[in-house]
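Here the chain labels run A, B, C and D in written order, and each chain numbers its own residues starting at 1.
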Amino acid sequence: MNPRQPAFHGVIPPLVTPLRPDGAVDADSLGRLVAFLLDAGVSGLFALGSSGETAYLTDTQRDQVLDTVVGAADGRVPVFSGCIEPTTNRVIERAALARKSGADAVVATAPFYTRTHLVEVERHFRAVRSAVDLPLVAYDIPVSVQVKLSEQMVLELAANGVIDGLKDSSGDDVAFRRLLLAAQTLPDFSVLTGHEVVVDAMMLAGADGAVPGLANVDPHGYVRLLDACGRGDWAAAKTEQDRLVRLFDIVRAADPATAGGSTAGLGAFKAALAARGIITGATVAPPMRSLAGDEIGAVRALLSEAGLL
Amino acid sequence: MNPRQPAFHGVIPPLVTPLRPDGAVDADSLGRLVAFLLDAGVSGLFALGSSGETAYLTDTQRDQVLDTVVGAADGRVPVFSGCIEPTTNRVIERAALARKSGADAVVATAPFYTRTHLVEVERHFRAVRSAVDLPLVAYDIPVSVQVKLSEQMVLELAANGVIDGLKDSSGDDVAFRRLLLAAQTLPDFSVLTGHEVVVDAMMLAGADGAVPGLANVDPHGYVRLLDACGRGDWAAAKTEQDRLVRLFDIVRAADPATAGGSTAGLGAFKAALAARGIITGATVAPPMRSLAGDEIGAVRALLSEAGLL
Amino acid sequence: MNPRQPAFHGVIPPLVTPLRPDGAVDADSLGRLVAFLLDAGVSGLFALGSSGETAYLTDTQRDQVLDTVVGAADGRVPVFSGCIEPTTNRVIERAALARKSGADAVVATAPFYTRTHLVEVERHFRAVRSAVDLPLVAYDIPVSVQVKLSEQMVLELAANGVIDGLKDSSGDDVAFRRLLLAAQTLPDFSVLTGHEVVVDAMMLAGADGAVPGLANVDPHGYVRLLDACGRGDWAAAKTEQDRLVRLFDIVRAADPATAGGSTAGLGAFKAALAARGIITGATVAPPMRSLAGDEIGAVRALLSEAGLL
Amino acid sequence: MNPRQPAFHGVIPPLVTPLRPDGAVDADSLGRLVAFLLDAGVSGLFALGSSGETAYLTDTQRDQVLDTVVGAADGRVPVFSGCIEPTTNRVIERAALARKSGADAVVATAPFYTRTHLVEVERHFRAVRSAVDLPLVAYDIPVSVQVKLSEQMVLELAANGVIDGLKDSSGDDVAFRRLLLAAQTLPDFSVLTGHEVVVDAMMLAGADGAVPGLANVDPHGYVRLLDACGRGDWAAAKTEQDRLVRLFDIVRAADPATAGGSTAGLGAFKAALAARGIITGATVAPPMRSLAGDEIGAVRALLSEAGLL
């Protein structure tokens, strides 16, 4: 019934980047994470996104992460590489490296740190797409880049073949709903939600898939959720989503008196994956700190309630 | 009368980075800019700051800029190198390169793109300082990094010898005033304003110097302004400042329908320097655009009114 | 199956306030609007909300509006009265007048204009509830009051019987989802969405009803939408919602070069109601302006596409 | 030397509104406050501003405050009446009452609670001025109304005789500096700063006067400060200002875990005035709370350091 045939759909987890206690990339854990996600039936792997601590990794570490993920994926699902840099030429440099590493698509945000007009943001995406021969997914994340991609710009870039998909982490579900409706005339364009807790609602509204950080921790749950959506069993979808909403409370385990949002989120994902035995340690990059003591206990309790321990 | 003896004081222009039409760094123009600024009597040179398009340059270009500035300065004034990266390890990597290139001090912001608690911001500065054996100037620029450095944190980092100065581009003159008062017990700590149009006022309030982007265009004016402040001739300082406020209207020359704030500011500085014959061309890095036609005319008219053409 | 029995549910339109060309309240038109909405099967009437231009009306006009709506409703559905004032004592004064006019419940926001801690916001709601013997609905509208009601505060106020419901116009669907889940232990507490374009999604997530401004214009559509949700026919709900999303484009008819968001929204609702023959004129209160010319043409075209002309 | 002859200049304190323990206006204390301020040599009295808790007072209380202040001032200095209401007609209603009470000028902000275009903001001021035959001062306070008055609009309204002055509480000293320069062609237009801690700097830049809340507590200090500015003794001005910056720390006495910004500021001003014996009690209106215990101790300590106890 759905005439949409977007290239990218389903559950596409934004992989965390496991680190060793000394801060080096833990390639073994990363390989196990990839295997865990593929086993759960995810449709793609997004490396070097916000959840992958890409903003915290050196260029050498980024190369290592992408090589590891591409190798472990072994062509079974597409690998997306975040190319998260402040401006055009820097993104292009990263995208060229991503292509060399074998990524299947690149993901880029609007410029950040700078003050950039929407006309310039559009030029940015066009320049990136021209410079690298890979599909391009626009990543709408105003909390990090202070710019909301306009619906009109996204639609025009999609219609012009500049971008092949959108990952929406804007939290602006009104704009997202409008975009979904307008995108009905773009059957190849992938519209993906980045929000963990409203995936059922966004799928009902017509989204093609989801890129939830929490899918690192419970990929099976998100795959079940999207399966239920796919067969129109919205009651089952809601039930699964409600379970995942409760589980998502792990991002509130960190003490807000000493942990920023990045620590709270990434620290919790890693603590949960370590507790589940998928990755070896829960180290995060500075200036973040790892979760500790009671915080880890809270994460474990929520995992247990969700049936994941 | 003033017991303060801060290491860094006076006019320290944040140098623009001249580019050739193909986007490459124009080292010749950069060398001429350094000579122009030194001839005007500036007290330091700040390379790879926001005005230097550091967020737009590749790592290779950044190295080239710093080498050029250090070489041209030839030890006559201290050279500050911006190490503007989203997180700790990336800043440290840049700082090590800055030291290798011969910079005299490094300038770093709070983390950006990420969501970072002030406790973590403090850890960030401490980690950077520990890793690199150069003086460290904290750069408070919430418009770019979405975090305002707290007065308490700045004072503590200063008292602990972690930071040697602050460049304030926060626009929060109330906080700056409070900081200046508190910093009276830290005679070696440099408090610098980054605002072009209130330098007289901030010097009256006790600042040690200024880092105004507009000083690329009219370094002689800012040197005269600070000289007047230094000898307590506030009427003369105000007159000079008023002239510079008018000149600063060049940043309003760009058409706001197609130019973001970065284009408007950096494009204008470069157009003015090209008009004055200091640099060869006014190219800016993508996705910015250069000023054109009437916009350049408006810049020239303001230069002329200011007696600079 | 749903154990929830909240007092307030279904479609509760926030009524516009028809004005005569001279700015006086058009009570005849307001009476016709009430009849139109009741005929469509709405579950309640919300007078003097943001859509009702309450912030633009004098106290005398507010009294007149409420008297008219209560009279026209004639006890068939509950009438909610907005008591939208900056601080506690002023809200209490309005709430006493609402009770005197025969309102069935009052709706209040967090304080505005002022800088108020969440602890003080909580005290505000408690003081209002203590002072007036009517059910109290908290109205979460950060775009107007700059404060987001915290989930914890809402749940505690609900559990303590201070508030009987929440109208969420925060746009924060993540927080709303979490609240819905937590509110499952509060079967009498009404959780209402104020967003026009995600009602199907929010009902799937467990909301009890909706307070969409667009329901002034197409109450039948929203009643059909909620009926579909109620019987679990999510495909039908989505189809109806998609039609309403398209209709909601009327709020984009106003020229953004000369119209603020309030003019765009309230002007469009009134232009549409006038085009549909429900109210006599589309006058809005100063400093807003009425829609004109092409703007009205755009509204009519969208009404026509939606089958409403 | 200064060709400016603005109607309003000097120190114009925004009077707090003393309240009795039961919340009623304490007219006796208010009368004593007026006498205290006049004795110190202030140039005007601003009643019913943000510092006057106008957003917290009922209309009856507002009338009482204005009558008291006008009576106590007895024509010795002009009395400004805040007419702080969300929209045009409501402001006009208050302005008519202010005129009836004998106020010499009215003070109005941009609309709030609503979403209003700058074109509409300008219409707002024009409508207010047309409706009431009193001088009008525009009050630029984005922290409360979320709109920054544009320099261009202010200058045009001033040139057209719509507004007679501006009270700037925007914190945007860059814009303020530009405005001061442009206003040199408007010798009758009063440009007043609302910031307590940069009055010396703003007077150096060319401001005509100040409306600092802290002048309730130490009017003699602010009068001395402006006298020093007037005679060009900037060193003396800075010394006085520095003392006042330290005193202004009283607004940090309140525990931020339980007090919002309004409580911290207004509570401190009242606690200080009570400690100095000018007003009887330090009650503030709900949902604020009065300062207590250690908080009052901190206020007293700062008063003592400033030589005011």
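As a convention for this text, a residue touches a chain if its C-beta (ideal position, glycine included) is under 8 Å from a C-beta of that chain, and two chains touch if they have at least 3 such contacts.
The chain list, named the UniProt way, goes like this: A, B, C, D = 4-hydroxy-tetrahydrodipicolinate synthase.
A quick note: this is a predicted structure, and the numbers were derived from the prediction, not measured.
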Point to revise | chain B to chain C, fewest steps along touching chains | key: 2
Review point. Between chain A and chain B, which partner chains are common?
Key: none
Review point. Computing the C-alpha centre of each chain, which chain sits at the greatest distance from chain D?
Key: A
Exercise for review: Could you put a whole-Å number on the gap between the CA centroids of chain C and chain D?
Suggested key: 35
Review point. Where the centres are mean C-alpha positions, what is the separation of chain A from chain D, in Å?
Key: 49
Review point. Which residues belonging to chain A are in contact with no fewer than two other chains?
Key: none
Review point. Considering only which chains touch which, how would you classify the arrangement: line, ring, star, complete or other?
Key: ring
Exercise for review: Return all touching chain pairs.
Suggested key: A-B, A-C, B-D, C-D
**Study point:** chain C contact footprint on chain D (complex, rising order)
**Key:** 23, 50, 55-59, 84, 86-90, 93, 111-117, 119-121, 123-124, 127, 143-146, 256-263, 285-289
Revision key, fill the gap. In the complex, the residues of chain C that touch chain A are 171-174, 177-178, 181, 195-198, 200-202, 204-206, 232, 234-235, 238, 241-242, 245-246
